[in-house]
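See structure below.
Labels A, B, C and D are assigned to the chains in the order they are written; within every chain, residues are numbered from 1.
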Amino acid sequence: MGVPMATRLVEAGHDVRVWARRPAVAESLREQGATVVAAPDDAFAGDVLVTMLPDDEAAMALIADGALLRVGTGKIHVNMATLSSGCSRELANLHAVQGVHYVSAPVFGRSEVAAAGKLAILAAGDPDIVRRCQPLFDAMGRRTWYLGGDPGLANIVKIGGNFMVASAIEAIGEAMALVRAAGIPADLFADIISNALFDTPVYRAYAALIAEERFTPPGFRLELGLKDLRLALEAGDERAVPLPLASLLRDSFLEAMATGGADLDWSALGLVARRRAGLEGPFVQ
Amino acid sequence: MGVPMATRLVEAGHDVRVWARRPAVAESLREQGATVVAAPDDAFAGDVLVTMLPDDEAAMALIADGALLRVGTGKIHVNMATLSSGCSRELANLHAVQGVHYVSAPVFGRSEVAAAGKLAILAAGDPDIVRRCQPLFDAMGRRTWYLGGDPGLANIVKIGGNFMVASAIEAIGEAMALVRAAGIPADLFADIISNALFDTPVYRAYAALIAEERFTPPGFRLELGLKDLRLALEAGDERAVPLPLASLLRDSFLEAMATGGADLDWSALGLVARRRAGLEGPFVQ
Amino acid sequence: MGVPMATRLVEAGHDVRVWARRPAVAESLREQGATVVAAPDDAFAGDVLVTMLPDDEAAMALIADGALLRVGTGKIHVNMATLSSGCSRELANLHAVQGVHYVSAPVFGRSEVAAAGKLAILAAGDPDIVRRCQPLFDAMGRRTWYLGGDPGLANIVKIGGNFMVASAIEAIGEAMALVRAAGIPADLFADIISNALFDTPVYRAYAALIAEERFTPPGFRLELGLKDLRLALEAGDERAVPLPLASLLRDSFLEAMATGGADLDWSALGLVARRRAGLEGPFVQ
Amino acid sequence: MGVPMATRLVEAGHDVRVWARRPAVAESLREQGATVVAAPDDAFAGDVLVTMLPDDEAAMALIADGALLRVGTGKIHVNMATLSSGCSRELANLHAVQGVHYVSAPVFGRSEVAAAGKLAILAAGDPDIVRRCQPLFDAMGRRTWYLGGDPGLANIVKIGGNFMVASAIEAIGEAMALVRAAGIPADLFADIISNALFDTPVYRAYAALIAEERFTPPGFRLELGLKDLRLALEAGDERAVPLPLASLLRDSFLEAMATGGADLDWSALGLVARRRAGLEGPFVQ
């Protein structure tokens, strides 16, 4: 995701310094016009640091020794990753101590959406600071929603949204198992789902993937889907909000993990539903 | 639903005889140009009988004494209601004995969609007979999917689709309870769902209804939603297809029924999710 | 079940006429001292007819043509099978029309318990009539609980009890999968369950069966367990009582059915739990 | 729990030093013959330190600064609390570094069972060290099960057992809601459960508590039950073992928490089941 997002910033005329764990990633951005730097600290030489790291652990590791934050005193850190709301709040506190402004801005949209600058951006943090980031958001996204002063709020919405996408996948998977068992062609049902019921990219994409059992290469790894479900359940647990559908999803994800699905696309929830129904057939993967 | 569907047929130039249980319904159709008849038998004076009855019982009652079918020998009966696949097959057999062609053609779309002639029609039965019905389907719908020779197949798809809509409602309801508990305004979240994630009528409508807690008057009564979930579970049971999400939904529907929600819109699943989280607030209904 | 129950009646000195669908069954009872008759009607020559039929359908078939009830006018029919409460009430009405007293008396206990005359008997129906049956119950059971005048009440308790046993099996199965995954020997855990936590026959038996994966020959066929779960859910549905644990069990039963488990013992729920966790191993069956 | 356990040790002739957070607790043990000390370090003056702390956090806090472990070099620490298996393993490592032997020995049994010296003890750790602790276990328990060298194994069994008890409570609660809805007296059903189906203390106790709706004072606080369910789910998650029944329980616990039940007995799961069915009535608490 980082590459298309940074590319959009370069294209919008921003002066972009890039640090990436994998050299090839950095190199491809250099070709787009970004300046590749040797360490995260150098990336914070500008006014705003934008990070897109995979999870809570990576986010905390970045600032573990405090050096990065000291470099950035008075500057802005925009964290666009999917984190737990608890981690997001903890990060905000650590930043405040060092005088760094912290903005949480997770996004909805896959990498092709990022490449088109059409991400949906969920922003939370000090309203004045968020306003100063708006030109960056405009370069990367089609619209920004402001959630409030607590950075964790943007993460809650992102987590809730991913839970809803996983719910849609589970529903498609179960319904597809039912119609398959009745002898209805899966691709015909996918066509009906996509045109008669839910004419929107999420359903269109996952109905096709499940009908064709095209679970690899993964667009979003099942293991990451499980991580997000855990964040949803954790967020619910902290607030005493029962989420029975999220619980059901977590168990389906675990079953997929336990039976070899960790590296499949998270639409492989449909494979779990099919196996439970004892349905044999020409698996495409 | 019957009124806009019959109106479309009249508007398309078909000669329409109408029988309805409620006189006011028949009267409104007379004003549209239909001929109102005194009994179901008279409605079968034309080539094709189109019925839209609420459930299995009503469908079976219609032909209980066999009179109607004898009237229709050699003609076509198009049953557009949401029935169980078992009932659909049983009806097909009863019709075959009397020499009446039976077509199952349930639809997706609410009454305003029917009024615009934009229903999605799922048709199953003898392919030649379905082809002869196509002009009627074209008057009422925007597209017809042909599912196969067994009339029950169209019902399975309809049932599977309604299960998916109910799943979307449950997901919205749980996610909405979570974000409410975190202090995020429900209408802001509904806006994000509808524009950033699922830009499609089902989500748009139900996200708004749940955010505003506008569960009455019902667009689709919760009790009817429960009926459809039962059909989905029954269809799964007959084919040994576990549908854990459908099971979860049935329990939420039952809880809504038990706590006074039978006559609310089925989006009141969101109210159940909210209550489970102990959330108090200004309920709009 | 019928054989040990009839044997106990013979041993207690009652004059027993027997009709059984399988000749071998009748023959074994003749050796115990019962009179074998040619038709159900002949079995109703005595004062009381005791039936132990597998399901609603068999129970209804018995009296379908009314002949049996006419034979029994003024007599008592004690139905000891596990039926739905709805069927039980319907039977009561049909009997009343013919002037036959109807008592519902399902039991808890496997066949070895029946052979020892130690069944737990749940009786419902007219209290005077139930009282007249007490000598029969005393021959077959160790204790009789009177549930009330509506025969369906005894069935509700029987159904609720079977649901609780299935719940215990599921809990053992899931816990066993967890400890196996951690590397703890299953038989050691079964010993702890049986001695440290639940020192009672149901847990003792099922913990051992699941630990040893001894699912065949079945003590109680999984398919019958599914039947009983359906009755529980149906009873809940009629009264708007959500039973989420029963729903979960039904899905596990269906998964077992779909993957070849119909004829295994219902403790094969433990096999489903194990498979979901991807656990391989020396399956004993 | 600590008081009856320490009392048993004193009665068995052991020289017992006691430290407790609440002075009254320490005082009551002084009266039994124990020596009350001022700090945890002093409690470790003997050969073996036995701790019974409420959760992972309290266990970790005890050794946070390392002082306690340095006092105990060469000695044995027997941790009898319900911890996560992960925490148990982490503690084992921290102890090993300081040369302290670590034994995990959680127990089954309420305080009256502890007072009678009848606990079921689950022990794990170095087998020679566990053997040296056997006289202490014999004073407190009726039987000790040895689970293996990894201290976390004992915790897995304890967690799995508590999950099974919670499952039994949920099953009783749902079945009780069903029979209540049918008009059967709850105490009659509790009697049947306890005598006809599960003649064992766990069912006997919880069937009575749920029938009488006697949820306060709590024998085991619902909030602690939720803690244990979280440990079960966490243990399953680490090993990719789906535990759908544990997930269902967690949601019921959260619902109870959200609706005011944190301080009730965990049998208040039965109250949740009853509310979901919309059942009103004379709540006893």
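We adopt the following convention: a contact is a pair of C-beta atoms (placed from the backbone, for glycine too) under 8 Å apart; a residue touches a chain by one contact, two chains touch by 3 or more.
Since the structure is predicted, the reported quantities are computational estimates derived from the model, not experimental observations.
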Contact-richer chain pair [B-C vs A-B]: A-B
Greatest separation from chain B - chain, by CA centre: D
Between chain D and chain B, distance of the C-alpha-averaged centres to the nearest whole Å: 51
Whole-Å separation of chain centres (CA-atom averages), chain B against chain C: 39
Chain centre separation in whole Å, for chain B relative to chain A (CA means): 35
Multi-partner residues of chain A (at least 2 other chains): 236, 240-244, 248, 251-252, 254-255, 257-258, 276-278
Footprint of chain A on chain B - complex, ascending: 85, 108, 120, 122, 143, 145, 147-148, 150, 152-153, 156-157, 160-161, 163-165, 167-168, 170-172, 174-175, 177-179, 181-184, 188-189, 191-193, 195-200, 202-203, 232, 235-236, 239-246, 248, 252, 273, 276-278
Complex interface listing, chain A residues touching chain C: 244, 251, 254-255, 257-260, 276-279
Touching residues on chain C, where the partner in the complex is chain B: 230, 236-237, 240-244, 247-248, 250-252, 254-255, 257-258
